[in-house]
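Each of the two complexes below includes subunit A, the first together with subunit B, the second together with subunit C.
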Partner chain A sequence: MNGPERIVVVGASLAGLRAAEALRDEGFDGELTLIGDEPYAPYDRPPLSKAVLSGWLPTDHTALPRARNIDARWLLGTPASGVDLRERRVALADGREVPYDRLLIATGTRARPWPRQQGGALHGVQVLRSRDDADRLRAALAAGPDRVLVIGAGFTGGEVASVCRDLDLDVTVTQRGSAPLLSALGGVIGSAVTGWYRDAGVDLRLGTTVQALEGEAGRLRRAALSDGTVVEAEVAVVAAGALANTEWLTGSGLAADARGVVCDDACRALADDGTPVADVYVAGDVARWPHPLYPGQLLRLDHWDNAVAQARTAAHNMIHGSREPRAHRALPAFWSNQFGVNLKCVGLPSLADRVVVTQGSLDERRFVAAYGQRGRLVAAVAVDSPRVLDGYAALIEAGAPFPPVLHASDGPDRLDALDAAFPRPAAGRSSTPSTPSVLSIPSAPSVLAGHE
Partner chain B sequence: MPTDSPPDARELRLVVDLNRCQSYGQCVYAAPDVFRFHGEEALEYDYAPDPRLRREVERATAACPVQAITLGRATEPAPLASEPVQ
Partner chain C sequence: MTSTTHQHTASDLFAQALRYEHRANPYPYYEQLLRQPVIRMDDGTWLASGHREISLLLRDPRISADRLPPQHQRPIRKSLLVEDPPRHDQLRRLVTQQFVPRVMGMRDHIDALVTGLLDAHTSERAGQLDVVGDLAYPLPVTVICELLGVPREDESLFGSLARRLTRGLDPIDTQTEDEIRELQQARGELVEYLEGLIARHDATGGDDLLSGLMHSQEPDGPMDPVDLRVTLGLLLIAGHETTVNLIANGTLALLRHPDALARLRTDPDLATPLVEEVLRYDPPVQMSGRSTLADIDIAGTTIPKGSRVRLLLAAGNRDPQRFADPDRFVPDRPDNAHLGFGGGIHYCIGATLARAEAQIALTALARRLESPRLIADPPPYRENAILRGPERLPVSFTRLVPGAGEA
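On to the complex of A and B.
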């Protein structure tokens, strides 16, 4: 076997680091290079919106442990700006070029910014994704603003709002949909989460968007909302989803756009004609791939667990894929802590048409909800019930029927399945692809799922 | 490449797999300066505690019923930004 002599990993966060370690574990003893746009050793992002923002943990205490020595060359602080698939070279923004025999793309996602022409450049308008973002936002909160505006009640928005209330800061949250976490968990659970916001004293504006952020002398002063009201705020946190970091791949011939880089279930990158590209692999938040458990669509997961698992699968296949390829088929799983509760999830709730509370109760804020799609269990969410999900995960992987038969001692007498109440585009579930660049990829619906 | 040498005493790094964590709280008892609960079930922790807490952190790692805590084992220096442009 002629193994690769030079492997380049673009992206030096969780997926890139774990992939590099796994490459050595798999026996790769050639030249290993990691490229990262941030000037920091790999750090963990989940605490940024929680323990860091609250002031308990400084950002330099979020460095990820390195599981082993990897004898790598680290090129940190300079983003990759392009790749030449034919010449097998990565170009860096500072003009350097890094040749490879095998390439792993792990450039992740970034927070979707607020449009500049609608106030996005004002001082006080922030996103939260990186260490630097967290330092800036922590300083802004520590200064004691009269009110913080959070745009979007997804997981990040909820965590930020929750920390604001812990810090006794007034906070307004706008949410386009009819409930927090609507696109992730649906309207039934979203309604329960509405109660968490309200009881914490958050000014939650549902069905409301921000029309413009307005400032004076370059500083944010207020936001004009779609309900006709004006919210005075010195800090606005834009928590409106993520964009894949794929601009550097534009024109490379890879099937890459703002939704991610398409790869197969062996983590091999696909060209824009849908065929695998030799020696190029993808892992982590930036990857879109067909999960064997969820046929007919491409998944992109902003999940900690997925970054680790996909990095390991990609690393294995980069070294041993020609003889013993592995499929990346880990069950999606994530967690969030907000408003004093711990929420864990396995599977993909957004696929579901029905939801049922199987243990505990929504009112007690300690419950498990199971999600079903056409009579099969596809996901489960556990709130302040961190020990129950392994059983549900096994049922989901086995394709168990919905509603599940559990015999849980804390279950209700009768399971009342409800419409899961996910927002659906008028024409089917598929979000309309905005670019026709992925020609022979089946016009697959996209499923995006966020958070930790 | 050395892989089996003992961890650098000057650096203590850890991470908790919070998907795996089931909030038993044994780590909070073993190393209360490193791990804490925010609310009843939400674990928070310091990824880079004072190396003098190594013994407590190792006890916490061993005590975790679901083995969710991983300690750093690299002896290489942490990477820095960046090589100067040539």
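On to the complex of A and C.
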């Protein structure tokens, strides 16, 4: 086989590791290099906001299990600082250069930080994305602060607030929108989630933003909120979304910005003129790509399952793409545990215009809700009913009509679909996929289905 | 199909697969059925044999676990095996809360039971063992009786009931009138036995699973006496009639694949993937049943609302679309998403326990039997088509070495 001899993977987290394993599975026996900015071997992030934060799991037990020996060179603790596509070289921040025949970009995202001039540098102001973040935040929570402020009621914010209540800590959560999880799941399900917060004893401030974080002697003391109140808190967790780690690609010629790196459905990176770049691939949270199920837009997902599936597709195409290219079309799926419930989702709820509870009931906190866009099923959310979701996934992939005809034994007699109540119009979300397809792909509207 | 002159219909093939003379090896019929992953039978019921199709149907919200189509369902108290949400979920949660913590940490106890059962046959000389009667049957029966709080001395009474009752799961047209009459009688005896057991438990209390269900403080509990009786019957029968086949089928596979047996002898870690492969290659539960609550489009056809559907798990496990070289026994098969425990909301509640029992039993057999050999191949099979396995599994050996620390 006349394949590549040197493959470089930039990003040594879930997508990077699984891609490296898949490259070996696909028969690649050349030199494999993994570059990571953190000093740690690849670790699993979902436990950080759950078992780690509660003190149940130490961070050094979060290492990702290895599916196989990958026989790789690891360059950890050194971020990549640039790429030269013509010379096929990755530059590292410490001045080294790593040549490649094929390159995989899997640098992921980071938590959007709080602006420094509004108190972002105060001691006690934290984000939660990395192992070090989790260690810091766990120590801060274990110290028993009088109150924790969580900024943002997305998935991370909800999980942090939930752990705080488990630890019997007072917690205030601010949320710009009218309900938790609003941008991810819409207002109908969001208002049910409001009940979870309130019953857990969270001080939830909806329609409220933080104006400033204020400190004394460099330590956080209080937050001024847009509702005119002041919250005294020693710890603030900023859970306000993610930024793609793409600065190192600035000027490279790739279609990359804070929203991600654009690639096609075969995971090939696109140049800023929209044409595929030879031998450069993208996978994981940093990738923005056109999902065949959701035409007319680019998707970027902060999802564990997607990172694994996209890594495998990219690895396959890096080795066998010229003969048998594979499209990355895995159905989006994610889960969260908060306030004692398990929430699992397939598809893309944020596209939907209608929602209907198809099984169980919102009040019982055990239900399945189906999401429809213009008469087609596009997503389903299951709360404490994870095992039924595969059935919905098959219906979504088959383009089943909405509302779905189920007659489920625990469903209502009649399905009354409601407005899904997503905030619109929101920047960067396309609610009308009538967008002309002649748009050059890098500027196509995008959907961010992150955990915020 | 071997014959070009006779075109078998799916109904013929399925009937052939169920015939007792094909009990030892129904797989060639399954292989032919797999050519159409979902097909309508002559009697109007449906048969799913494809792995993908079975997986989808097991998880489809338009599916009921009641084998009778909705228009024929009767208002009787159903066990969680055939019950649907939301009642299924309540029952299952209650059982899970009681069952799972008790199963955790049982490995050492299971190990001790296996050691004891084999110790009874320890021999420096050549001998024989009936793997079914001497190990595969008594092990899970002892465990389930202990777990549930059923006195061990009731076992002989109960065991014969369980055996007669599971025959009733088979397709009705394969049962004789005598068998059906006997089944009715066995059902009555079971109800009587279980009611007595519950009454005695109520008086004495205890910390077994039955007591746990009776006195559960959880939001869904405690179980009322009828649910309790139905659930207890289900767990007892499931504990009696399934794991026995897993251990026996596993032993059979090992004896037919001496290389796998030799590997297991030196590498106990192989037990984990090996038991999964047994669950794929020769599953103790061959098929399951469902009915449809709405029209379901699948595999290029439409199963109409109100249809009865058989899910041929054992055929799905040999689906070449899903498993490379499906008729080969590969003890460390990767990515082995078999259907041996079903799937979806009815996924086997005892899977963890069954796995532990089979892993420990098969490892002990591999370690302690020297030069084991099947005395009859195939062994005699039980009548049951669904909970399928050998009636006896006589194995000869040159030596049965002592257990626990001496090997």
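In this section, the second predicted complex is superposed on the first by the 433 of 452 C-alpha atoms of A that agree within 3 Å, B and C clash if a C-alpha of one lies under 4 Å from a C-alpha of the other, contacts with A are read in each partner's own complex, and residues count from 1 in each chain.
In the analysis below, contacts are C-beta pairs under 8 Å (C-beta built on N, C-alpha and C of every residue); 3 or more make two chains touch, one makes a residue touch a chain.
Note that the structure is a prediction, hence the values are computed from the model and not measured.
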Which partner reaches more residues of subunit A (counting touched residues only), subunit B or subunit C: B
Touched partner set for A:391, first subunit B, second subunit C, both or neither: second
Touching partner for A:407 - first (subunit B), second (subunit C), both, neither: second
Contacts of A:368 with subunit B and subunit C, given as first, second, both or neither: second
Contacts of A:360 with subunit B and subunit C, given as first, second, both or neither: second
Touching partner for A:64 - first (subunit B), second (subunit C), both, neither: first
Partner chain in contact with A:187 - subunit B first, subunit C second, else both or neither: neither
Partner chain in contact with A:50 - subunit B first, subunit C second, else both or neither: first
Which of subunit B and subunit C A:108 touches, first, second, both or neither: neither
Partner chain(s) touched by A:304 [first = subunit B, second = subunit C, both, neither]: first
Overlapping contact positions on subunit A, where the subunit C interface meets the subunit B interface: 387
Residues on subunit A engaged by subunit C in the complex (per definition of touch): 358-360, 366, 368, 385, 387-392, 394, 398, 405-411
Subunit A contact footprint on subunit C (complex, rising order): 55-56, 59-64, 84-86, 89, 293-295, 297, 305, 344-345, 347
Residue numbers on subunit B that touch subunit A, as the complex places them: 1-3, 13-15, 17-19, 21-23, 38-42, 44-49, 70-76, 78-83, 85-86
Residues of subunit A that touch subunit B when the two form their complex: 12, 24, 29, 34, 38-41, 43-44, 46-47, 50-51, 56-57, 60-78, 94-96, 304-305, 333-335, 337, 340-342, 344, 384, 386-387, 452
